[in-house]
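Structures follow.
Next come two complexes, and both contain chain A; in the first it sits with chain B, in the second with chain C.
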Partner chain A sequence: MALAVRWLLAAILSALLSLLLARRLARLADAPMETPAGRAARRFRANRGAVLALHLLVALVVVTVLAPALAPHPPAAQPDIVALKSLPPSLAHPFGTDQYSRDVLSRVLYGARVSLAVAVLSVLVAITLGVAYGGVAGLAGGRVDAVLMRLNDALLSVPRVLLLIAVLAALGRIDIEALVLLVGVTGWFGVSRIVRAEVRSVGATEFVTAARALGIGRRRLLVRHVLPNALSPVIVAATLAVGNVIVLEAGLSYLGIGVQPPQASWGNILQEGAAHIQALWWMSLFPGLAIVATVMAVNLVGDGLRDALDPKQVDGR
Partner chain B sequence: MRRLLAGRLLQGAVIVVLVTTITFFLIHLVPGEPLATTLDSPYLTEAYRARLRAIYGLDRPLGEQYVRYVGAVARGDLGWSFSLRRPVADALADALPNTLLLMGVSLALSFALGIALGVLQAMRRDTATDRVLGAVALFFYSMPDFWLALMAMLLFAYWLPIFPVGGMVDPVMHPYLGFWGRIGDVLSHLALPALVLTLLSAAGIARYQRAAVLEVVRQDYVRTARAKGLRERSVVVRHLLRNALLPTITLLGLALPALLGGAVFVERVFAWPGMGLLTVNAIATRDYPLVTASVIVASITVVAGSLVADVLYAVVDPRLRRR
Partner chain C sequence: MTSPLLSVRDLRTTFRTGAGVARAVDGVSFDVGRGETLGIVGESGCGKSVTGLSILRLIQPPGRIETGSRVELDGRDLLALDEESMRKIRGNRVAMIFQEPMTALNPVFTVGEQIAEVVRVHERAGRREAWARAVAMLETVGIPAPAQRASEYPHQLSGGMRQRVMIAMALVLEPALVIADEPTTALDVTIQAQILELLADLQRRLGSSIVMITHDLGVIAETASRVVVMYAGEVVEEATVASLFAEAHHPYTEGLLRAMPRVGQARERLATIPGTVPPPTAWPSGCRFHDRCPYAWERCVAEHPPLYRIGGGHVSRCHLAEEPARRASPHEPWAVARGVGA
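Entry: the complex of A and B
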């Protein structure tokens, strides 16, 4: 019973956060002064699918953060390896139990923490690297730019999944930090291209020329004047990349070279389920649905952001 | 035109060399030893281990190994596969046609399906059709490849046993079938993996195509065509689609890496004996020469794909040809 109360509290908390977020967006959108942020907020709010997805993500984050309080069992608990082994979904175990009698719902909840953390952190790594690389190339121009971008093209044409598979397989069992780093290090090639293009176009504007004429240092020029104005496409790319990496992590863990058991992630629950797909279908179905729902929400928000931040779009489309 | 082709070929070659270099060093800089599975055996003396390393050239400095490797690759020698105990080139040559069959079928089907759906969506913009198709496309776009493969297998191979569970041919009956029977056998094994790859790739193409059409709809010449009083059908086919289909060609270059990555997972789920399965197995056995070679071959495929896309684009778009 106490569990139901906790879920109820989590639902209330998530509703509250959603409400706050909606009000913040509304205040931005209805501000009397016309600002770029206000325009973007108004466009985003007009996109019902994106707003709905944003609220879904809020709920997801709440559930993920509170997973230890909301999970009916500890993720690795094996209460009764005979009687509770491989049970189909029921009221006591909504997602069933696995071949080691562990509660799949609890594992999916804890797995969400790992999967989402890996995705968000590795995208942060990728964005940092991409912004630095693209910023340097864009600002340097000339031969440096040409060489850096050729290298970038070469990196872009290495299939990321294969490269990761190769490196991870060579490394054997690795901890999560290393996984985050590797996924991040292989993920910035697209970002740097975007940043470089933005920096080139922002760099050609008059206010940058003005700043240059004032004798401002290169680094300060990049960090204070150019990058902030090149941010929108990076935000969009980062959002969409989070969705991508969730899928990528699942794939790597499915091959047994991502997040290592007994720690649960969405991918490695699927991996354990895949071997028994016919008998224990619930182990494959539910974590997969969690992935699809999350990634769909992330992509909807990303699409919404892209439309909202695109200066070419006219209001009301 | 010839200059464009020559330039792109050169660029492609440079990229392939770079990729080879990157892959080689990444794999060799990682801790762990190519011969680890063999050398870990407690029955080997240290002297014998050193001899084995010397035979495979693993005792040389990394730089020298790299130079030797590149020289060998240039001569078409991709090395020796430790796990399969046969030349890497032979193993790849066996697997490549199977992957090309799977990817070719999926590529053709997904472009047909994706373009059709994207155009339909754009033509019915902001209607229920557009929204439903958009949601369906996003649904498939947001899905891990292997999960869709697993679900398709569960549904169409176990619960409704219409298609075989995996493999490329029936292991028992295939040699006894006639010519057409064999083709049918392969097709029935091909159906599920191709379906999965097609759906996944078509979802992305449809999203892209819809945006491309909407971009063109806003153009002045479309308005002019309408103002001239042309029939709607003529406006759409002659003026709109001809231009909206152009950017889709570049997708050929973009879809290929995704499809190749997807093929790794889908081949593994359905045990389709292609490059993907070969690579995954090579990884499991730490077969470095095989892993390196398949990453290189995959990159060449990707580079070739984007080259073909660029050239095709120049062929169909007169504006690019002149430069």
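Entry: the complex of A and C
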């Protein structure tokens, strides 16, 4: 069967990518010359859970990217709404079908694209805004910093989910791009605090003073000396935020105000299944598992990165 | 006498803090001649590092250099320059060496990149040329296998090596003036001697002037020709090194010298100066040292002493210059009488 071959190829591709990634990490870690990246790679590799989670994420990304080739059916197809509706998992429908006879596996696969894209893109938006805002506040210092950060405190005190619910409810149906923007725009308040604190603390280090004493200009100082040394907590925060936004998107879609059916996302598949959870348990179980597995993997990788990038951590070698 | 390379006049640097205005540097004046090494010595908190940073205008808010201060390099007032002209002077005409070679190098770039960056920023040199200069400079400061070391990161080098890298960064453009802020404090004694020797050697070759900021009179004795003693944000004594070590005039300098261990001396407890430097937000009235001084009398509380000329270029901010007889009868410093331990 062609589909089985495609899955096999996807598995091989994923294994290959995993292998390449592992080799790259190993090469970094075992490089004869000690570099900051090498040290981080070594620490990351020492964390088994994080490495496993990373491989899981690689597989997930492969499956997500290849979803159109791997899904047995189009996600919205209703082949036979009478004969094929509400079937439990079987060989023909590994995740079962829903009450409209749609294949749940196909919907979960396509849903992954939406859920992951929303998560990654909105976090990118949030990080960009947060780095810009926090960077300006941290560099400017003094009154500008004080005003920006108090404003930031005010924004942080707004409950994000409630704000999103209110805005989304007011806007009604919105497309994915708008959702990404909204989630991103409400997601940078924590990031900007981290960036601002990092920029302040790196800015106060002696090597920044030393660089200034050698006549390095402002922009170069920021780009070459401050930001590279302030980046690791931002990377960690971004990774963990991806996990958060997956859950947030699922929650919003569950409430019916996120990704709108018939477009599938993990959240709205779960929601459609929730009404029939006693009879059609598979409709909720599989997207739920996908969410749990993904978020856990993302968080494990985030934790691994945090330990790997922490300059205060001492490692054995 | 030719005009000095650096002339600092009435330098005042203050910091606005929660506890009030800290007058960290309070009216400091001195000159540095061409090719000369001037030592600035004093305890922690006396304002010597802030003086060094002020010369390069590296004071950040809430600190500021008060108007009326003058820092002239070759007759040009650095405090009147715009930020861009000042940036061109830093690292190029005036460079600074910092105390902590551990923290004064950027951990994420190789040492070669960091030295080359200085060349590229100031001389618009190409990547390859700047790198070659960096490697050559590493060799000059006595780093073995410089081509290989250049592509290593700071944490791969020992403390002494890192300090050599700092020196290479500071001297790569052959600045006329080098401000060395405790350049050997963080190093082992044997390495210390090597670094001081290296600095002296480079100075001879390049003809640079050095301002050597330290709390260690031994370093002063080895490197400087003239010395400025600072206490509580002020210059309290200035003299040639020979004159200072032969006969310290100010009681504070006297205390510093007595607190210095000497080879060949019987093993006894080293003398200490009782008390600590007062907080810069509230300098004492009159002479700022009166509380810790074994000669202090009423006049010292009431009247702030000017810099008295002792002769031979030796100046001292102590009323003893006018009433030398009082030196014969020291007493317990008032700080001790009040129960402040040494």
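In the analysis below, the second predicted complex is superposed on the first by the 300 of 317 C-alpha atoms of A that agree within 3 Å, B and C clash if a C-alpha of one lies under 4 Å from a C-alpha of the other, contacts with A are read in each partner's own complex, and residues count from 1 in each chain.
The definition used in the following text is that contacts are C-beta pairs under 8 Å (C-beta built on N, C-alpha and C of every residue); 3 or more make two chains touch, one makes a residue touch a chain.
What you are looking at is a predicted structure, and each value in this text was computed from that prediction instead of being measured.
Novice: For A:P32 in the superposed arrangement: first (chain B), second (chain C), both or neither?
Specialist: Touch status of A:P32: no partner.
Novice: Once chain A of both complexes is superposed, is A:G172 in touch with chain B (first), chain C (second), both, or neither?
Specialist: After superposing on A, A:G172 lies in contact with chain B but is clear of chain C.
Novice: Is A:G142 contacted by the first partner chain B, the second partner chain C, both or neither?
Specialist: second
Novice: Check whether A:T209 is in contact with chain B, with chain C, with both or with neither, and answer first, second, both or neither.
Specialist: second
Novice: Per the contact definition in the header, classify A:G251: touching chain B only (first), chain C only (second), both, or neither.
Specialist: Touch partner of A:G251: chain B, not chain C.
Novice: Tell me which partner touches more residues of chain A in the superposed arrangement, chain B or chain C.
Specialist: Looking at chain A, the partner in contact with more of its residues is B.
Novice: Just chain B (first), just chain C (second), both, or neither: which does A:V295 touch?
Specialist: First partner only, chain B.
Novice: Taking the touch rule as given, give the residues of chain C at its contact with chain A in the complex, in rising order.
Specialist: Interface residues on the chain C side: 53, 56, 58, 60-61, 87-92, 95-96, 98-100, 103-109, 117-118, 121-122, 151-153, 155-156, 166, 169-170.
Novice: Which chain A residues qualify as touching chain C in the complex?
Specialist: Answer in residue numbers: 33-36, 141-142, 205-207, 209-217, 220, 224-225, 228-229, 311.
Novice: Which positions of chain A touch chain B when the two form their complex?
Specialist: On the chain A side, the touching residues are 150-151, 153-155, 157-163, 165-167, 169-172, 243, 247, 250-251, 254-255, 257, 267, 270, 274, 277-278, 281, 284-285, 288, 291-292, 295-296, 298-300.
Novice: Along chain B, where are the residues that touch chain A in the complex?
Specialist: 11, 14-15, 18-19, 22-23, 26-27, 30-32, 138-139, 141-147, 150-151, 153-154, 158, 257, 260-261, 264-265, 268-269, 279-280, 283-284, 286, 288, 291-292, 294-295, 298-299, 302-303, 306
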